[in-house]
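Chain naming follows the written order as A, B and C, and within any one chain the residues start at number 1.
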Amino acid sequence: MNKVKHLIEPDDLTNSEIESLISKGMDIYDNPKNYSDVCKGKIMASLFFEPSTRTKFSFDSAMIRLGGNVIGFSDASTSSTSKGESLADTIKVMSFYSDIIVMRHPKEGAPKLASMVSEVPIINGGDGGHQHPTQTLTDLITIKRFKGNITNHTIGFCGDLKHGRTVHSLIKTLSRFEGNNFILVSPKELRLPEGLKYQLTKQYGTKFTEVETLDEVMDKLDVLYMTRIQKERFFNEEDYLRLKNSYILTNDKISNAKANMIIMHPLPRVNEISYEIDDDPRSVYFEQSRMGVFVRMALITTLLEEAK
Amino acid sequence: MNKVKHLIEPDDLTNSEIESLISKGMDIYDNPKNYSDVCKGKIMASLFFEPSTRTKFSFDSAMIRLGGNVIGFSDASTSSTSKGESLADTIKVMSFYSDIIVMRHPKEGAPKLASMVSEVPIINGGDGGHQHPTQTLTDLITIKRFKGNITNHTIGFCGDLKHGRTVHSLIKTLSRFEGNNFILVSPKELRLPEGLKYQLTKQYGTKFTEVETLDEVMDKLDVLYMTRIQKERFFNEEDYLRLKNSYILTNDKISNAKANMIIMHPLPRVNEISYEIDDDPRSVYFEQSRMGVFVRMALITTLLEEAK
Amino acid sequence: MNKVKHLIEPDDLTNSEIESLISKGMDIYDNPKNYSDVCKGKIMASLFFEPSTRTKFSFDSAMIRLGGNVIGFSDASTSSTSKGESLADTIKVMSFYSDIIVMRHPKEGAPKLASMVSEVPIINGGDGGHQHPTQTLTDLITIKRFKGNITNHTIGFCGDLKHGRTVHSLIKTLSRFEGNNFILVSPKELRLPEGLKYQLTKQYGTKFTEVETLDEVMDKLDVLYMTRIQKERFFNEEDYLRLKNSYILTNDKISNAKANMIIMHPLPRVNEISYEIDDDPRSVYFEQSRMGVFVRMALITTLLEEAK
């Protein structure tokens, strides 16, 4: 990660940089005390121009567990940009008040712009429907922890695969690692964009299978990645009524899944995973939240070391 | 407190646990430096789904003075529950980001539910009109500090005794300690609920006297606990006009009170205690706010020690 | 600063106290590590009854870099005053939860009132259009750093000089130091108030020159202090159209300025300084933001030492 000062999108990281962040995250998970003072005296500015409790608290917790401190806001209305100041000026000044900046912004590209004026590392904590690289890192460290590695898996994605940066980003990144192939489960109108499939097939030879129901593929999956599917995304009421239950996970639906399959979800969930699944040892979505803190600790400390 | 992992209501604590929290709180008050590092590296999540500056800052200050750190929000609108996530999921995830959780929630029972899914101790910082156990502990440590003990007192409660968890909770808890008896001063329509009086009389032999004005009982009180009385709680304008001044404390009204009586109030006050009283050495309501920090420090460190 | 416990307005400080805060600020700028633990265990309450990201974060960052901690809010709606509590009661209680209080409040005089009840030092972080003493200190330390001293300068102020506490406060304070004189650039209707000019001329013999355009005086300035000029402040559209470009700084306008002139601005800017100026070595407004942290560190640590 020698030349990377900011993390705006997963493609800013080489495969070996990703692997090193995951290893470091696992080492922090195993030996948290070794890292409890590495950011002593450092300040992270946590600038959430759009609210996101989970992401914000995961970062805040990460920085504090490294011995660092956090300043920031969780709501654009209290920021100077409400006085007509440009984002560039806001970021430039914030970079004097802190040693590293995490930002979430409703506008695509805002973190990229920020990285061009900031004197300190910028981490993109989500920019509109665009990029959310630390969610991808969280997903990867979770696969690493529960499956031993991030290669050679059959990974099912279920739900709305058309929208949703989380899914696109994870598929793109997993495609860069050897032997991963994808089973895509969604209604026809919510399939993964053709352009993305084409690009990945061309670039990495990625293999996709597309189906409409979970049942027909459940027994083949090493990883099942669930996402929410919103009623208003369907083209018509009829399709919605016909298909809605196909995308809600129940004990019944996973009865023939592999014993070591893992069930992931970026959270928050609404109803797409029944609560009964929480007790199944294959469900790891809460542990996934937990792992997010460790990989963010790895990222923060790495970026700060390089910024010295 | 061996089996208590959470504090949802005062009844979660035995008498000896209450006494030990108060003693520890007094020891922290006397020797704050001995405790300034005991929570180093620990994170308290301070989740205020309903705003309350005073309670939140008292807890935040407590955690920081123990050497710990705080993350959190003071407004539900910035939390994930606004995206339709269940409280149980929110709490479960927050329990990965922190070592202890303080929460205030507008719905009765929310902290109890939280305690059923959390991996870390939950402290109820107030749930609707229901419970607010650390206010009760604050009241008790204040009586301890200024009266030497929490037994054998004649305690007057004045104002709206029908509503208001603070009063109910404190009366219930004081009833569990020897020799306390109560003088209840309120308009007839705002008297302590019959059910509560019946229960306490039956269970502890608690003694109550009920009157309508402060004047007739002032000289008998060891402790006077004032509360606000809202105009809209009266049944009719006539009663309101007739009685309103009976429940506003002035220098004149306390002229025949005992020299060592103490005047308490949970704050914020509106006009039920005249500002002139602030200079009377018997007024301890500001010191009561101060003591809240120390008993919360005792609680946090006790729960964290037990959670090890 | 022996008798000063609070900082409500610049006039609370003697010249030698101002000089010592600036020196200490410069020493912190040069040797930040010497100060990284001086506020260990101390809590600053940061009470922003009116939002101001920049000022709040500058203070928060200052306190954290001194090793201290911060509690607070950035929005009055989450404070107890929304329950009808008096500001005096709120401040009194907050002074038990913290070791020093910074407050911004929309009402003039609120910090003064606060200083009368607080048990800990109060720093005024801005009260309406009234006072903002740490902005003045920030401006002074910036002049000190870039010009070597805060005496004997020709300082131009440009924009709306009628409103705006920043300009009034800085002119008043600079008038107290030897040899400073002022060139005031503004439309006629937005000139510095006559009363202020009269007072300063009388008291310190301060010299003012008043012009309508920057061009006619640019080559005479040691310091150019830009401020925003709002369209609605003009008396008529015609004047606005005629004059608006006179108050927007461009490379062209500074072509004949002194090589060592410095360009300041309290930020946020809207359009009164073209972005092209950012690359000119004479522009120091971003560095001015940075210096604000150091002079606030000097102030916090000085007030805390005296409060011991």
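In this text, contacts are C-beta pairs under 8 Å (C-beta built on N, C-alpha and C of every residue); 3 or more make two chains touch, one makes a residue touch a chain.
Keep in mind it's a predicted model, so treat the numbers as computed, not measured.
S.K.: Would you mind naming the chains that touch chain A and likewise touch chain B?
M.R.: Common contact partners of chain A and chain B, which must touch each of the two, are C.
S.K.: Fitting on CA atoms only, what is the rotation between the copies chain B and chain C? Please report it in degrees, nearest 5.
M.R.: 120
S.K.: Examine where the copies chain A and chain C touch and state whether the two sides share over half of their residue numbers (same) or under half (different).
M.R.: Under half of the interface numbering overlaps between copies: different.
S.K.: Could you give the separation in Å between the centres of chain A and chain C, each centre being the mean of its C-alpha atoms?
M.R.: The mean C-alpha positions of chain A and chain C differ by 42 Å.
S.K.: Multi-chain contacts in chain C: which residues touch at least two other chains?
M.R.: In chain C, no residue touches at least two other chains, as defined above.
S.K.: Note which residues of chain B are touching chain A in the complex, please.
M.R.: Within the complex, chain B contacts chain A at residues 41, 43, 45, 69, 71-73, 77-80, 82-85, 89-90, 92-94, 96-98.
S.K.: Using the touch rule from the top, collect the residues of chain B that touch chain C in their complex.
M.R.: The contact residues of chain B facing chain C are 36, 51-54, 57-58, 60-61, 64-65, 67, 70, 74-75, 267-270, 286, 289-290, 293.
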